[in-house]
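Going by the order they are written in, the chains are A, B, C and D; count residues from 1 in each one.
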Amino acid sequence: MAGFDKRVDSARQALDGLTDGMTIIVGGFGLCGIPENLIAEVHRRGVRDLTVVSNNCGVDGFGLGLLLEKRQISKMIASYVGENAEFERQLLSGEIEVELTPQGTLAERIRAGGAGIPAFYTATGVGTPVGENKEVRKFDDRDYILEKAITADFALIKGWKADWYGNIVYRHTAQNFNPAAATAARITVAEVEEIVEPGALEPSHIHTPGIYVDRLTQGQFEKRIEKRTTRSA
Amino acid sequence: MAGFDKRVDSARQALDGLTDGMTIIVGGFGLCGIPENLIAEVHRRGVRDLTVVSNNCGVDGFGLGLLLEKRQISKMIASYVGENAEFERQLLSGEIEVELTPQGTLAERIRAGGAGIPAFYTATGVGTPVGENKEVRKFDDRDYILEKAITADFALIKGWKADWYGNIVYRHTAQNFNPAAATAARITVAEVEEIVEPGALEPSHIHTPGIYVDRLTQGQFEKRIEKRTTRSA
Amino acid sequence: MALTREQMAQRVASELRDGYYVNLGIGIPTLVANYIPPGIEVMLHSENGLLGMGAFPTEEEIDPDMINAGKQTVTARVGASIFSSVESFAMIRGGHIDLTVLGAFEVDVHGNIASWMIPGKLVKGMGGAMDLVAGASNIIVTMTHEKGGQSKLLERCTLPLTGSGCIRRVLTDLAYLEIHDRAFVLRERAPGVTVEEIKAKTAGRLVVPSDVPEMRLSNDANHGSPAHA
Amino acid sequence: MALTREQMAQRVASELRDGYYVNLGIGIPTLVANYIPPGIEVMLHSENGLLGMGAFPTEEEIDPDMINAGKQTVTARVGASIFSSVESFAMIRGGHIDLTVLGAFEVDVHGNIASWMIPGKLVKGMGGAMDLVAGASNIIVTMTHEKGGQSKLLERCTLPLTGSGCIRRVLTDLAYLEIHDRAFVLRERAPGVTVEEIKAKTAGRLVVPSDVPEMRLSNDANHGSPAHA
């Protein structure tokens, strides 16, 4: 199964071919389910002028925040800036171009990119800044705007377990944007916590079929928590 | 959890409110994963003038073929007539209106209906009879046609196991159109082989979250096989 | 007396019905989960892909892979399902959520809402809010009636919109109002708050019916976690 | 000698590459799975939601819930995944399938294909064929060169189209041809078939390079099941 064995030896090898000016989609929501090691490798490589598509842009000093600090990102397509001070600073100063996109529209645009749908209509954003300069069209007497698919050169995703074929399952809410991201790039690179033997995953439980995955690595994860909330036992 | 207990006592009760002239989406591919008991109940009720959305229309004497024979269907939206003689006869004679839709477009139109996407563009069918009288539009120098969402009054689906909340898992390729169908109707009725206690299904394995399911029944299934192909052991 | 945040949550909670799938935004909306009336059950939806959000975890249960849309660590309750962001927003956009509760900077008589951006000052991003207001059939906005002496219930929103013509119900610390025919219709007053005060603090056109009862706030907090359901 | 159906499958199989995800239509395309060259592995995609179709089941293994797009009972091989029709066609439409092999009634020099309907006579429906030809980056049409003495390689298809301008490679029982610049380019002849015969039986414009080798058919059938992979 050499042709289907998606395993590569390192994060370095996994990002072979990533160069300046490329577009990358990065899975994760906040710091949950982000490809920590692949992001670190993008940082190490120092590639610049990247367009990054990701719901968030990490936090100061972790996740995609690392790439912001090193000024590797020239354009960000995201739904949330939130508490990322460096992101907000670069946005307000105009150092980075930001295309703020509603979260559901962002997910759907990535999904469309992977599914061969070049564009779709949605009511989200009608009559708001998001709808400016977009076609508005009525269906059944309601207004919708046209939104376009997103595709990328690389997708960097994070799974829980994967078999050699690149079939992936996600753990809890670390799924989020990862399955969509996996479908929408020319080269999809997945890092997972555990690589298992083919046959170990139940076919009906697989979240991301291996057809979407080109390269697979196993990583060590810090899994930093953004907001630690607890109840007393 | 009275409000979330989707169980009803019978197929009869499950289709309460189904009347002449309604649109129903029916899950299944061929005879695999079809809601046998709900179809039988539609047959028993004798409601007429139905628009049925389903990839196939059963076979002569089984599945949706029963409704064809009793002339309960006035319009069919499907991708395949195949070897269903009565379907082909009614189609050629004009007794039934048929909107033949490419299988992937059919799946996507139903999914769009459930996902609040009123319309989308696809390359499928461009330059063919399917593309006639549809808007053609270029994206990145390729032609696409505009396809519209499908929604329905009722969706009739078939699952394997479901908990009281209507969370459903499908068995093998009996999944097919069922998850999309579940999302696109005002009232979604699911019949399953086994109803399990809440908590018995792993949250990340659920194919159809209960939010899409309004009524749930347990059925007995014949599971007729259309093409029995085997190898020697 | 203006309502406290807890009282606002309590009033919103009385709109919950047994079997509702509910999305609660960050802030006051989150507190609603503490006041679910006895005998009814709701399922909390979190945009990042969780339906059936449970209580906060104990220290032992904490799991970085189990968070809500506010990035807080949570648990999944019995009957929960977990799915992708694509599926999560298909639920929202497709109108499958029964009730959405979210905060706002401004609301106007046209049902417009502004909640995500103060130009040149605050850029948090819209996250899932635009999807929620466009998709939910049933939205309650919770916010203070004024900010810095300025009414937040306007004739026209001044800030960039989150959604257009989508809001019908607003609960403030002073009143519960519905939006009809390009006006705020005063339905209930916070206990001890006069119609005159509400009139004075509402910039958009206000319709005052002949009878405007005081709100009833009967539920006690069920002292669970904010994510109780 | 015209190729047999098995030989046609054999020739197509030589186009397979290790690691290909392949969709095989009904008929001759299905037979391709019997001739996968040694040392390479492919994964068969079935439109109804199965990637990694395995052999036919034994009598004991038969399961009505495990079928392929031809409605035949099949098995899932190691490494298979099973998903919805929506996901299955996202793969197809999104161009993730490496090779699609399907039959046709007619093909023309513009790359058009007709395969799903003979007006007034045969209405089978297009099933997934229109999606496959619109989505696959790489399509091989397999069909007989003629039917009832009529060429099936035309200047313009006469039947309703399945896809427009999407076909580049055609294997018939007489030849392997590529479509370039509005012509069929004759690349290989079936063993013993002359260029003259192919010329006579091709209605659409035919370009004949100076050297048109005979096909090489070296693989033996691996005598597995039709769904072997």
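Basically, contacts are C-beta pairs under 8 Å (C-beta built on N, C-alpha and C of every residue); 3 or more make two chains touch, one makes a residue touch a chain.
All values reported here derive from a predicted model rather than from experimental measurement.
Contacts with chain C and chain D are shared by A, B. Of the two chain pairs considered here, A-D and A-C, the higher C-beta contact count falls to A-C.
The chain with its Cα centroid farthest from the Cα centroid of chain D is C. Centre-to-centre, using mean CA coordinates, chain A is 32 Å away from chain B. With each centre defined as the average position of its C-alpha atoms, the distance from chain A to chain D rounds to 35 Å. The centroid of the Cα atoms in chain B and the matching centroid in chain D are 29 Å apart.
Contacts with at least two other chains are made by residues 76, 82-83, 89, 92-93, 134-135 of chain D. Among the residues of chain B, those in touch with two or more other chains are 108, 111, 115-117, 122-123, 171-172, 175, 203-204, 207.
Pairwise chain contacts present here: A-B, A-C, A-D, B-C, B-D [touch as defined]. Within the complex formed with chain B, the chain C residues making contact are 17-21, 40-43, 45, 51-52, 76, 78-83, 87, 89-97, 134-135. Per the touch definition, chain A reaches chain D in the complex via residues 1-4, 111, 113-117, 163-165, 167, 183, 198-199, 203-204, 206, 209-212.
On chain A, the positions that touch chain C within their shared complex are 29-33, 55, 78-82, 88, 91-92, 100, 102-105, 107-108, 110-111, 122-130, 160, 171-180, 207, 223-233.
Interface residues of chain A facing chain B in the complex, by the touch rule stated above, are 108, 112, 115-123, 139-140, 142, 144, 148, 169-172, 175, 203-205, 207.
Considering their complex, residues 46-50, 55-60, 62-74, 76, 82-86, 88-90, 92-93, 112, 117, 120, 123-131, 134-135, 160-165, 225-226 of chain C touch chain A.
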